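Letters A, B, C and D mark the chains as written, and numbering starts fresh at 1 in each.
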Amino acid sequence: MAATDEREAAFYAIVDSDGRIEPRDDMPEAYRKTLIRQIAQHAHSEIIGMQPEGNWISRAPSLRRKAILLAKVQDEAGHGLYLYAAAETLGVSRDQLLELLHTKRQKYSSIFNYPTLTWADVGAIGWLVDGAAITNQVPLTRCSYGPYARAMVRICKEESFHQRQGFESLLTLTRGSAAQKAMAQDALDRWWYPSLAMFGPPDTGEQAAPGGHTEQSMRWGIKRFSNDELRQRFVDMTVPQSEVLGLTIPDPGLRWNEERGHYDFTAPDYDELFRVIKGDGPCNEQRLRHRVDAQNDGAWVREAAGAYAAKQQARRREAAA
Amino acid sequence: MAATDEREAAFYAIVDSDGRIEPRDDMPEAYRKTLIRQIAQHAHSEIIGMQPEGNWISRAPSLRRKAILLAKVQDEAGHGLYLYAAAETLGVSRDQLLELLHTKRQKYSSIFNYPTLTWADVGAIGWLVDGAAITNQVPLTRCSYGPYARAMVRICKEESFHQRQGFESLLTLTRGSAAQKAMAQDALDRWWYPSLAMFGPPDTGEQAAPGGHTEQSMRWGIKRFSNDELRQRFVDMTVPQSEVLGLTIPDPGLRWNEERGHYDFTAPDYDELFRVIKGDGPCNEQRLRHRVDAQNDGAWVREAAGAYAAKQQARRREAAA
Amino acid sequence: MRDRYALALGDDALVLAQRLGEWVARAPELEEDVALANIALDLLGQARTMLTYAGELEGTGRDEDALAYWRDDRDFRNALLVELPNGDFAVTMARQLVFAAYQYELYDRLRASTDDTLAAVAGKAVKEVHYHRDHATQWVLRLGDGTDESRRRMVAGLATVWPYAEELFDGDDVTAALSAEGVAVDPATLREPWTAYVEGVLAEAGLERPADAAPRRGGRRGLHTEHLGYLLAEMQHLHRSHPEATW
Amino acid sequence: MRDRYALALGDDALVLAQRLGEWVARAPELEEDVALANIALDLLGQARTMLTYAGELEGTGRDEDALAYWRDDRDFRNALLVELPNGDFAVTMARQLVFAAYQYELYDRLRASTDDTLAAVAGKAVKEVHYHRDHATQWVLRLGDGTDESRRRMVAGLATVWPYAEELFDGDDVTAALSAEGVAVDPATLREPWTAYVEGVLAEAGLERPADAAPRRGGRRGLHTEHLGYLLAEMQHLHRSHPEATW
């Protein structure tokens, strides 16, 4: 239909000129659906991501670190709020999205399916996981959908703060006792490859994601760089930081490649990544169970709030009549 | 009625000659009721008494102490079993008695309404509370009701073992670090008067129990000494032990009375005792709530066991037919 | 003596912050994860200032962490109320109402303390606590006047915490001496405005004031419930495992 | 190398004893308070012997308490199964069946160890574990073939623990070397008799074998669940608070 074509042309005119699509603008249905899935997965990752770090709030080894951690986990809840709100501008409700999460029809970042076994894991998550997240997300501050781009600006600012705090926490450990340094190295050993896997399957080869998606997302301006480009960027940023920390990245294949101007490194075990995505990671069940329990335990509270609001409205209406 | 008189005469003949009443013997209804209440209260005390000590099983400071404590709390459950079984010979079921406990119509020893705040409290309970219990209970090994007397023989033997273990645990503390010694003294400071109160109200004066009960129980051979006699016996036994421990009993009025051949001591605050019995102790609600929760949480298990037993019986019957 | 006063106020805030932190990632809705973490953070901030000040006053070189991590439960001076387990959301909100309404009246008056540090802490804290009190108030209204179930739970929550309210207004030799000097606030003077506020909220929510039960007290003298030991074991374990470490 | 073997067996017993101890004074009936405490005591006894032996073998002067109280969770070598939270009684009984059936086959064979200490421990333990296995079996039958609710819970309990069974049969360099010498039992050889026993119980109870799920492993390499850290914090706090003390 001509009208559709015209609307599509208007959409691409905005996208191609690096403009912003806003909620009331026309957009292709596939664009809308892809965005919803992407924003929702991002939102879910924020709220599931509260758990592995939240695991150490009660046991943080100093009151200062406890405050920093509490504030960080609070920020993650806040990011979840912005992102669900951004998704809602596309015509889905938070409740619908949570229901999709709880019934395993939408995913969250697999990184949160690994356990936080020691205090150093909290630092490692800040340094590596937030570092990888920022690498993924900074390009999204220029993404074509306005509400998502604006949410990302705020989120990236806070996450880069968290990343520095994580680095600083690990630095304190590596400059501390032998036990603290060992704890930090152990955390890096466990979190390195899962962090690399956060960028998703490789661009090419057998394990590459089935074709078309990336190209489409790039065309729509909701993905700016390929998985492998972002992964390389993360490695290049992180290796010098590991040297400042005095920690050894657990990759004997890691070395500077003068010719490429990049670090060469061993790719993560993508088979493991797929297993964890499929549900077989160490904590998949625990994380989802925790989330669903919180949702169920709070049902009566949300119902009460709804009932109260309705009563209040009725009272106001009566008073006005 | 002549028949009743005859039966009563036979009963008293046995009691007066220090014989034993057995379940099938005739006994006055009031005797039966008093015994049920006394044995039930004793059984309830054993099972509620598992809580304050059980509170430290997970945190015992050595594996040896953990094993000793676990065995002791297990013994208390065992004592509860003997005592409910003894009460059942009088025609009530364990379920009925538990129901009376759970609905506050039967009591347990008020001592268990105090919290165990430190590890030393476990030792203090062994030394003082079990010590007081033994003082109360040894005379009951000669009580007129056979099943109760026999249960008491076994219980007293185990409790005197516990009492020695509690003393030995405290001795280790008082010979340990300054912090350990302070912990032991603090425990004695808190448990001394509640232990004295375990013997009940004084024999005479305003706070004495309303008349008749003690005389009746003595006549029936289910109480052999008055509260104050037993309390004095406990103090006389305990003071020299406190000296071995090197701990100070928190009573400036405590001194040896050459004339009486006993220690003089300050009586406990009986008003507090009555308040705690009435329900206002620090842990009354917590203890009963814990017990009722365990009962409710286990209901489906007990039902399943009953259903399974019935099915098995039906199957056996079918197989035999 | 001022150190003991600062310690009691700091312990209240620290222990309640620890309890509220347990809600994070399990709150009934995401907004409450944010709100409860926020309140916990405010309390933790108050605790850090008060414990630091207590350490300076006692002059033995103990800093906030030495006081938080190296004291045993018999040395903690918080009121029993704040160490109670969270229970369901209604129990937590009942505890929040009781405590925030108390803390608000306390800090409102403590701004006039002749001790500059206490006055400054109070000046900052009173704004935070005003929000805590409002947050709890809104929830007590919603739950008390929401559904049948929420009302039943709210009534039960209030009954659970009510016996622990009275201890907040207990004075001792420290508060007596310091309030005479104008340093501290006599806790007894807070009971009336506290009662007025809390009863107002209950009335608006259509809830009755819980029946009087025997007050539970002892925390200010280090006689705690059995719950505190577990809270401290969890909180202190890592720190105590590395006695010389910096974090 | 033997020290590492003894440590793994000792840690299994210690951590499960700690979990079962949590049931005391909350069991469904008084007989179960007795039974669970009894099983916990047996396991604690096994743990003490094994940890003591591990300490002797490593020759660094660590005794049972040094090993139990001063290692962090990354140094514990127990299988993940035993650190799982108790859940309801059905989860606990499912865990007991899986573990006791494994331990029975293990100790039955370990009696023939060329290591006299291990053989002696096994000789004593096999009798205890025979009772543990029987106790769990009886309950799985009662719950599986009891009421609808108990059956539902038993099915859920089995599903909860099932993914953790496989780790019990994992070998590593230690068990490979030691079983070649006749010191240890190759865990893989226990799978078949274990399966025969457990499947027999499930069949008698009218329960299906849970669907295969991805096995959960890592404990033998110190990669635990997040639950273990809390268990250890509670268990170790007091001991670590008084590093030089004797108890």
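Throughout what follows, contacts are C-beta pairs under 8 Å (C-beta built on N, C-alpha and C of every residue); 3 or more make two chains touch, one makes a residue touch a chain.
Here the structure is a predicted model, which is why all the values come from computation and not from measurement.
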* Counting one step per pair of touching chains, how few steps separate chain A from chain B? -> 2
* Can you name the chain that lies farthest from chain C, using the mean of each chain's Cα atoms as its centre? -> D
* **Contact-richer chain pair [B-D vs A-D]** => B-D
* Intercentroid distance (Cα basis), chain C paired with chain A, Å -> 35
* Structure fact -> Taking each chain's mean CA coordinate, chain C and chain D are separated, in whole Å, by 41
* Structure fact -> In chain A, the residues touching two or more other chains are 59
* Could you list the positions in chain C whose residues touch two or more of the other chains? => 72, 233-234, 237-238
* Which of line, ring, star, complete or other matches the graph of chains that touch? -> other
* Chain pairs in touch? -> A-C, A-D, B-C, B-D, C-D
* To do: In the complex, go through chain A and note every residue touching chain C.
  => 47, 50-51, 54, 57-67, 70-71, 73-74, 77-78, 80-81, 84, 94, 119, 169, 172-173, 176-177, 179-180, 290, 293-294, 297-309, 311
* To do: Can you check the complex and tell me which residues of chain C touch chain D?
  => 72, 230, 232-234, 236-238, 240-241, 243
* Residues of chain A touching chain D in the complex -> 55, 59, 115-118, 186, 190, 275, 279-280, 282-283, 286
* Structure fact -> So, in the complex, the side of chain D touching chain B is made of residues 14, 18, 21-22, 24-34, 37-38, 40-41, 44-45, 47-48, 51, 64-65, 68-69, 88-89, 141-143, 145-147, 149-150, 153, 234-235, 237-239, 242, 244-247
* Asked: Can you name the residues of chain C that touch chain B in the complex?
  -> 72-74, 214, 216, 218, 223-226, 229, 233
